[in-house]
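Notes follow the structure.
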Amino acid sequence: HDLERHDENPPGRVQGLAWTETGGVLLSVEAALLKGPGEMVLTGSLGDVMKESARIALSRIVSGTAAAMLNFDRTSQSIHIHVPQGAIPKDGPSAGITVYTALYSLLKGVPVGDDLAMTGELTLTGRVLPVGGIKEKLLAAQRRDISRVILPRGNQADVEILSRENTRGLDFFYVDQVDQIIPIAFPDGDAVEEPPRDADSRRTGDQEVAPG
Amino acid sequence: HDLERHDENPPGRVQGLAWTETGGVLLSVEAALLKGPGEMVLTGSLGDVMKESARIALSRIVSGTAAAMLNFDRTSQSIHIHVPQGAIPKDGPSAGITVYTALYSLLKGVPVGDDLAMTGELTLTGRVLPVGGIKEKLLAAQRRDISRVILPRGNQADVEILSRENTRGLDFFYVDQVDQIIPIAFPDGDAVEEPPRDADSRRTGDQEVAPG
Amino acid sequence: HDLERHDENPPGRVQGLAWTETGGVLLSVEAALLKGPGEMVLTGSLGDVMKESARIALSRIVSGTAAAMLNFDRTSQSIHIHVPQGAIPKDGPSAGITVYTALYSLLKGVPVGDDLAMTGELTLTGRVLPVGGIKEKLLAAQRRDISRVILPRGNQADVEILSRENTRGLDFFYVDQVDQIIPIAFPDGDAVEEPPRDADSRRTGDQEVAPG
Amino acid sequence: HDLERHDENPPGRVQGLAWTETGGVLLSVEAALLKGPGEMVLTGSLGDVMKESARIALSRIVSGTAAAMLNFDRTSQSIHIHVPQGAIPKDGPSAGITVYTALYSLLKGVPVGDDLAMTGELTLTGRVLPVGGIKEKLLAAQRRDISRVILPRGNQADVEILSRENTRGLDFFYVDQVDQIIPIAFPDGDAVEEPPRDADSRRTGDQEVAPG
Amino acid sequence: HDLERHDENPPGRVQGLAWTETGGVLLSVEAALLKGPGEMVLTGSLGDVMKESARIALSRIVSGTAAAMLNFDRTSQSIHIHVPQGAIPKDGPSAGITVYTALYSLLKGVPVGDDLAMTGELTLTGRVLPVGGIKEKLLAAQRRDISRVILPRGNQADVEILSRENTRGLDFFYVDQVDQIIPIAFPDGDAVEEPPRDADSRRTGDQEVAPG
Amino acid sequence: HDLERHDENPPGRVQGLAWTETGGVLLSVEAALLKGPGEMVLTGSLGDVMKESARIALSRIVSGTAAAMLNFDRTSQSIHIHVPQGAIPKDGPSAGITVYTALYSLLKGVPVGDDLAMTGELTLTGRVLPVGGIKEKLLAAQRRDISRVILPRGNQADVEILSRENTRGLDFFYVDQVDQIIPIAFPDGDAVEEPPRDADSRRTGDQEVAPG
């Protein structure tokens, strides 16, 4: 009954999965591009680790393999990252790949589907590190009608021990490197690069392959 | 007897509804445009969440659909946002759409009517999220002779359960997206864009439509 | 016997009335213009609310109706505001109109009379809001041989309930808008604009009109 | 026996009189001119009030009547003010006129005599306000072989009640305005302006006039 | 069985050995080059000493003997240093040479082998100072399949007292000066300079010489 | 046996003598020159007084008599000062002359001998003030094979009361002014200026004259 909850994402908005003391939650990351000299504005009552996480995502976007395809000039353009809701404090590194994907979506002008959510720590050289609270996060994904979930490969074992109930309706994509997210999140040929040859992100054990 | 309390708003001043420990209050948001390199000055004893809220409104103004119509150059002009009264601490995200509207009014040079008040959290991509304290805020609106109130659609249910007493003399406008505020707050053709086709902000259940 | 206490004010110095725990005091606001890129230097052990108050006054000077008449370029000139005595902490919004008047005096190069004092909160759009401690402030004004006092109109009722003793020797000017201060403080034709038609600042009930 | 303690002052060094919990002390203020964009560097474990005091002195130097005679460009030159000894915290506004005089000495390239000391709060418009601890400060001046002392006129009464013992060997100069210090501290015709006509700084009651 | 844990390092990533309350750990240092005016961005929940350590490494890279060979313009390029994992606080000076090597790898575009790890404090003039926790760090190196370890010569004695068990599978390289790291970490002729003649980093007592 | 501990100093490194709770220590000050707009980077867990001390040394270098001989442009070059070891907090003003000498050595490109150490507070006008802990500092100098020690003349009396044991193997140079250090630390004709005529730094009572 809550199909309306699926707002279409504009470019620059991506759903992340977060873990809080009261359970998992779906949490949007929003990005906007501003004129002006290379600021990074971070709002949403973000803690220091989450702020650093956003900084890493921005540095990776401008220094990684995707950089050449994205028209972004850090010296004359500024980025604003916001995580609603503004009054709720948020922290931790697990939104790293969500911020990266929101920036990619913004700078390419291509939206991601509203049935996609993700969680994972991003490092500066593009590795995706495992995060905690997988079970609670998947519960939140199901509750909010998410159908595709991108996770760090380091969390694959955490998913495989869950019951069929805990993973019902969800397709999983495991990634080692942040570049592997692009063909999953932007499947319509908008990808900057081909899916890496050795990525097995679409052949994940007992889950069906998400059409994209 | 307090018709005089209705000062005419100059461009850049908009009434918001806030919630305090001692009840709801009507609270102006004031904006001014300054020459100089892209500062955002925030005064009025604003807490961190409210400061971030103002930052979001500014980023949305310069990056959203309204941006093209507004002559504002963030690199050579500065914005000052003030919320009187200066000695009273204020916080929370619910003035987001009020700051947005004050900025729009300032940059277009068009005032909003002094019978209009609003409350709602704004996200960076323009969504309007529900806020708390609706009953107390409406009481303040009535006390200060407000006749039109803009609310997040997510608060419509909160209004519909109120008594006729609590909503007497008030017309309600519900919005999902901040752009939907423009034709309501600036009805005289000064709007940047047509009211969105699918906006039902003027067809709100049992309230009459405000003439604008 | 303390006529000598009336130093002639140079341009940029205006007397304000402040309220402290030990009673009202007369307190100068001093302004100076400096070359250099748009700083605002604030000294005098000012608290955050008072610093914001000075910031509002500066923004109002450069964005309000007086701006066109004042040769001030915020991008190449800096302002220093000081409130002696430096070792005494001061706070609150009630020096707002005093700072505004000091800036006006400085930028026009015209002094205000040393028999004039004022108190009132200034908002960014030029409104003058009522302040506290009126009785104590007027006592300080009398003690320091002030003869003309500018007050927010919102404080008129506070004055009208005082005894004849408490107002002896003082002429009162009530203002709604900060622009109304100019013809009172600078009566010799140096005013930027005519007194606003609807201002009743010179027709205040039972007080005699100050010649200016 | 400690005549050697009288180092010749280079331009930019002036002796001040300070008051500490253990009595009065003679304390140098040192100023240096640096290339570079308009910084003010303050060292010597200075408290906030003393830092503001130095800021006021700099603003006064560049905005007061002396400014035209001094080759100082705040936008391309920086000032460093230091108060030895670096490990001893210092605070208060009473070094205001000492910093002013050190800056004047530096920018004119003219030293002050090492027999001169001073104390007094400076305001932004050049007034010199009275300070505390006069008796203790004079004791320190005598101990360190100072012969001329510049004081705020507001402290004249504090001196006049002291015993002959407390003022032995000291000549006093009382000033209302900081400009009156120049002909006292720089008596050899290097003064920017004539002593103000109405200054009585050289006709101070029962003290003999210092030759300068 | 965990050969896959050996990710190939891209240019800019180097393994360090750190000491924590729960033992030694292998910890990557990652560096990225960004356009823009000379910032140094530091992320990874780094404490003040570790931040200073990174600053020293950057200054050494741009001022030491290697500088001429590295195309880096501190005034138009920025450096981002990150130490995963973002949520774990890290501190201390012992990553100094690891940051130096990561910067060298990044700026030369040459990766270091994934079998190499290092620990050592770096000084601004290029000295490598001994650090603590050697035994625990070597245990972590063995656990993570490291085969070559660079250590401060000042730690040579700490290694020589360890049991054969504690050093099994590890080749040791001792350095006094940070320049001596280059031929060890980049053995394929990419080195900026010849191994220093008097360096005995490859003739370390009872360890075999690592082929590079 | 620890002659090797005497690393040759490169230009920019000078030994200082510091006092800690556990006794005196020899402590290097290291300086490096960086391209870029006029920063001063200070590392080594320095306390506020020590940071100010370094700032004073830099200002003195660029404003004192030596400035003309040193090719340093504060607006396009930056200075990094580091005091190993990075994890040990350090504070106090007594490294002032050591920082000055390190900067001089760096900017002239001339090293100081590794048998030289010094301690003394520097003021902005070049005076050298006495410091504490002389006995403990000299013990550290002896332990680390220092043979020449530069001290403030104000500490001469502290040395003269020490036993022959406490000063064995050390030659003392007493200075009033920081410029007097140059011919002592750089005796090979690299000095910017002649030894000041009235300096008696080489004729110190019962110590033999150091050959330089």
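Lettered A, B, C, D, E and F in written order, each chain numbered from 1.
The definition used in the following text is that a contact is a pair of C-beta atoms (placed from the backbone, for glycine too) under 8 Å apart; a residue touches a chain by one contact, two chains touch by 3 or more.
These numbers were taken from a predicted model, which means no experiment stands behind them.
Rounded to a multiple of 5, the C-alpha superposition of chain B onto chain C involves a rotation of 60 degrees.
Among the other chains, the CA centroid farthest from that of chain E is the one of C. The greatest centre-to-centre distance from chain A, using averaged C-alpha positions, is reached by D. Comparing the residue numbers each copy contributes, chain C and chain D share less than half of them at their mutual interface. Distance between chain centres (mean CA atoms), chain A to chain E: 31 Å.
Averaging C-alpha coordinates per chain places the centre of chain A 54 Å away from that of chain F.
In terms of their C-alpha centroids, the spacing between chain C and chain E amounts to 63 Å.
Round the ring, from chain D by way of chain F, the chains line up as D, F, E, A, B, C. Residue ranges of chain A in contact with chain E, taken from their complex: 38, 48-49, 52-53, 55-56, 59-60, 62-63, 73-75, 92-93, 96, 121, 123-127, 129. Within the complex, the chain E residues that touch chain A are 7, 10, 12-13, 28, 30-37, 41, 43-45, 80-82, 84-87.
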